[in-house]
Amino acid sequence: MSILVDRDTRVIVQGITGREGSFHTTQMVEYGTNVVSGVTPGGRGKTVAEAPVFDTVADAVAATEPNVAIIFVPARFAPDAIYEAVDNGLPLVICITEGIPVADMVPVYAHVKQVGARLLGPNCPGTITPGAAKVGIMPGFIHTPGPVGVVSRSGTLTYEVVDALSRAGIGQSSAVGIGGDPVIGTSFVDVLALFEADPATDAIVMIGEIGGDDEEHAARFIEEHVTKPVVGFIAGQTAPPGKRMGHAGAIISGGSGTAAEKMAALEAAGVRVVDRPSAVPGAIQAALLAVGQPVSR
Amino acid sequence: MNLHEYQAAELFAAQGIPTNGGAVASTPGEAEVIARGAGGVVVVKAQVHSGGRGKAGGVKLARTPQEARAAAEAILGLEIRGHIVRKVLVAPGADIAQEFYLGVSLDRTRRQNVVIASGEGGVDIEEVARERPERIVRALVDPLLGIHPWQARQIGFALGIAFDKVAGFATITRALYDTYIAEDATLAEINPLVLTGAGDWLALDAKMSIDDNALFRHPDFEALRDLDEEVATEVDARQSGISFVKLDGDIGCIVNGAGLAMATMDAVKLHGGEPANFLDVGGGASADQVAQAFALVTADPHVRAILINIFGGITRGDVVAQGIAEARERVAVTVPIVVRLSGTNAAEGQKLLAASGLIATESMDDAAAEAVRAAHAA
Amino acid sequence: MSILVDRDTRVIVQGITGREGSFHTTQMVEYGTNVVSGVTPGGRGKTVAEAPVFDTVADAVAATEPNVAIIFVPARFAPDAIYEAVDNGLPLVICITEGIPVADMVPVYAHVKQVGARLLGPNCPGTITPGAAKVGIMPGFIHTPGPVGVVSRSGTLTYEVVDALSRAGIGQSSAVGIGGDPVIGTSFVDVLALFEADPATDAIVMIGEIGGDDEEHAARFIEEHVTKPVVGFIAGQTAPPGKRMGHAGAIISGGSGTAAEKMAALEAAGVRVVDRPSAVPGAIQAALLAVGQPVSR
Amino acid sequence: MNLHEYQAAELFAAQGIPTNGGAVASTPGEAEVIARGAGGVVVVKAQVHSGGRGKAGGVKLARTPQEARAAAEAILGLEIRGHIVRKVLVAPGADIAQEFYLGVSLDRTRRQNVVIASGEGGVDIEEVARERPERIVRALVDPLLGIHPWQARQIGFALGIAFDKVAGFATITRALYDTYIAEDATLAEINPLVLTGAGDWLALDAKMSIDDNALFRHPDFEALRDLDEEVATEVDARQSGISFVKLDGDIGCIVNGAGLAMATMDAVKLHGGEPANFLDVGGGASADQVAQAFALVTADPHVRAILINIFGGITRGDVVAQGIAEARERVAVTVPIVVRLSGTNAAEGQKLLAASGLIATESMDDAAAEAVRAAHAA
């Protein structure tokens, strides 16, 4: 078991013939992901890592029945790609693309919600269920199957934490990057709910950062609905207000969105908040021991 | 990017919002000339990308051209929250009967735009929101249909605006929202929006921030950019696709990934040091990017050690190490460099780095501790 | 029983202080309709037929808890009034206004559907449940309580038919005018479904006209889902193609939307189609006798 | 209202759709001058608000200015489906490699706009839809988001357009949709849209109808209205808020309500007569409206009897009767008038009417029968 993607996941890659798209398609296929097709307008008849390429999502859907789309098209075309995916029935769309204007994402978010689909990202590394399917750009080899669900707004920082877990012998059920933009399709709360319901997940690591209040909402949700132990880390404890820290969403504005606030909210909700990524495995180990679960399955 | 008041006011006026006019001066003499042309009372206002200019003495009333000159003299060169005032806006004085706050921004929680208004104008809206939240009116905007006329009216009624002034208020509210959307803003704000003694609406201030990700749709904005207002190295960084923010410490940081870069800054602090910057080299960490990062970091004379923290994901650690070695040949770095390399082919990379005489560590904590030690030793 | 409106209906009138709004508010109140409030921006503090007037729907909703809105505002402001009603939670909005551009109604229709409200009209006479509530502009006195549901795209033609029914001693459960525009919120099918489910309705009169294919859809729906007898009449048997017959929606275009097609479709679905309004009461009487129901209750 | 080809083409061109240019001539001489200016082969096309002009001889190729003159001579004054040709468009000939149909209109069933396209261009699209439906591509447009780039491309791919031409097709499709929305059209159509031998897209025809209800947003369109093309009485009717459509029979109809007006026409036919018009006086049926209706109906020399059918709803029957009486004093009517008055205060109204010498009946059927009898007797 796992969340979002598993062995039954049939992936369609939008922007498959581009530099990023073709590289990561190959990486995903090498990891064992079932990439069934790709789309690039005018690409019909080509193949990438043996996946057939189509001109439109509609054609690809008709021929290959994908159930997860991953998007690598450039920022100014990515919103259209998301609409194309959800309007053609894809229930889960993972948008890797960075730099999409917020004004484009506001209607995209509303539309995706309206049609009942799920969007992960944009500006996210995607998701992986170790040993089953990698639908994203994370390095697969650092992941190990196991009982810990990881959810994060960040990319390399997630790899850092996952790597630390794996080195400590703690495997992951699924690792999900929700993205660093101000408007993202899937929030911490959404992923926490999935992990809480997932029988393969015994504990959760949540990696937040400054900006917005998704972590505060997550804290409230954890307090009310999450029974599994949660370990938290918030990046940006030393970030100054008013400055965007790389991610469009990582900005302390008007004195709110600070790491201190988020850490306090999580702690108040019973989350074990650590002050450095290297402390995550220890905290998880303690949490798993406390609930009597083995650290690997 | 932020716009100056006078730039935002022009965009507002283009959408039909009544603004106060005025002109920009860079010298006291220019301010005097503008004031003379305006006749009567003028307000001289610092044009800086910072709030709090009123409290900092950046806004002055002047009854005569001479007073305007004196006001400009006092304001130009002033430092407001770290920003040096290089321009002032000289605008006609207004007969203010009532002040309001009106703004549009993103409600991140709801993933919708929101109009925020208050009967308390001309003051810090965040303070009002904190201390007298009942004085704030918020209206979420339909993401697909935009702001409805009824919503704009309803905000006006909720603020207690007299009926014969509500239509005018609603028109300005819709125009502000339209400007916000048309210009890909992240914030559009009028504070204060006033009713004059004559009963006319007037935007006495104008503030706008633009979504950097949407600048490709607005090539004209490049000309509005005030490079004086931006840290030179941050401008350079933007041009090379590096995210860079100047800070006050002495440990220069070079990291791949925004979250990891923040965590690295935090680790430095945790080990008793102070980061000199936030720096995300982006995905590749090629020799070019690393060289550019070296240049950015070493441009800061306070930097006493450099901490490189790379988690090799798709990028191989040996390639990154190669890039660092090449970059060092191109950019002379005189301070100690501590490198932490992890992930794909990390071992090979660490060997290469050690061979080139760099301090290579395996964990981020060790690297941060080492960098702090090296900086203090330097 | 009845459909759409009944004794529990609490009406809010949008545009209540206008000429049409105030006149029909008085008429509705005289009929016995419970008009709880009205809205006209700047009208706060006034009253019309004893109903208090508010500046906004939000204020009126908070103070008077209406559950049906009726709109009399001019065409260029009517779409905004519909949005205001449904966004403030009104579950049923009846738009009398004529002459709203189609381009405005297309997004209105989508939005109303999306929020789960129901729009009747625009360009319709509204609806009446004889003896209980009149939320519309029809002359109340021609209606009699009884077992026949009437649904129509037209105004005075409906009065004609209702009057004929009443004179023949046949009462109506509810009479609903769905409106004569190309984009209307509630279709024949919607109303037929309501009548089919309404225990107070034993037979249905459906009055269509040329243009569009709502009657054809109704025919299919009747065939599959309506067990109660239906009598149909289609106006415009002599209308030429390409000419708009008053109603924006009453136009035969590209050879489709003719009365003949609609009559054939209805007949094929088992509807007793009559060639003149005066034949409706006889056909209904026969239908009611056939199913063993009395013609009045 | 309908636009002429040359008017629609200008609107298309303004949105960036490549159109064929040309100019309008009202005389053969003008056509010759335009053809001379254009040089080479031209097409002379009747500008009428009617389809089927090709079959009717309203489109001719001309190789020389002289031929253009002759073509214009042949076409001007031609009657096409009841429309007299008063203008021709003289446009350059095109080297057609492939023809397509592209149109936007309302899908009434779905209450959404729809783009319709076909690889069979230059022919009657309704015929294609009927006989070879598989040759038609339809794409419903999201009512809140508009047409997506992917949709426009998908239509192109579905038509089998070569990839290097799909982007151009998609751009035209989106521009056509944008024109449709911007101009409040009920139909926007290019038939044929062609690929030239040189591989360029070109709109060789242009058709647009505008939503009459939206004309308040487009005051400029009043100038584009071709009054020659409209029946004079229908123009008069529109100006007085009466819905009027001229038909071929001899029973003039005056009715309140569109549905009842259609039913009245049907009743006339049912009783062996032919309606001379559709006429809905609207809600009030005031003396002014009735007088105007009399004027409209009696302007038709074929009318041999007038049938007035009023169902008094909110309006009282006695008031209507009064209105009819007053109107008769203002407009001299020489043909028999049959009045059917029902609803509110009908009895009082009927009395008044009978007193003024009109034939008053109680049922619509009786009235129709009576009017037919009166007309035949006249």
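Chains here go by letter, A, B, C and D, matching the order in which they are written, and residues are numbered from 1 within each.
Keep in mind that, in the parts below, contacts are C-beta pairs under 8 Å (C-beta built on N, C-alpha and C of every residue); 3 or more make two chains touch, one makes a residue touch a chain.
None of these values were measured; they are calculated from a predicted model.
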A student comparing C-D to B-C should find more C-beta pairs in contact for C-D
Separation of the C-alpha centres, subunit B versus subunit C, in whole Å, is 55
So, in whole Å, the Cα centroid of subunit C is separated from that of subunit D by 28
In whole angstrom, the CA-centroid distance of subunit A from subunit C equals 49
For subunit C, residue numbers touching 2 or more other chains are 107, 111
Going by residue number, subunit D touches two or more other chains at 144-145
Contact graph of the chains (line, ring, star, complete, other): other
Within the complex, subunit A is touched by subunit B residues 106, 108-109, 111-113, 126, 143-144, 181, 184, 186, 211-214, 216-217, 243, 245, 247, 255-263, 265-270, 275, 278, 280, 311-314, 342-344, 363-365
Listed in rising order, subunit D residues that touch subunit B in their complex are 144-145
Per the touch rule above, subunit B residues touching subunit C in the complex are 142, 144-145, 148-150, 153-154, 157, 163-164, 166
In their shared complex, subunit D is touched by residues of subunit A numbered 41-42, 44, 55-59, 77, 80-81, 83-84, 87, 107, 111
Listed in rising order, the residues of subunit A that touch subunit B in the complex are 23-24, 27, 75-76, 99-107, 109-111, 137-139, 141-142, 152-160, 163, 180, 182-183, 207, 209-214, 217, 233, 235-240, 243-250, 254-255, 259, 275-278
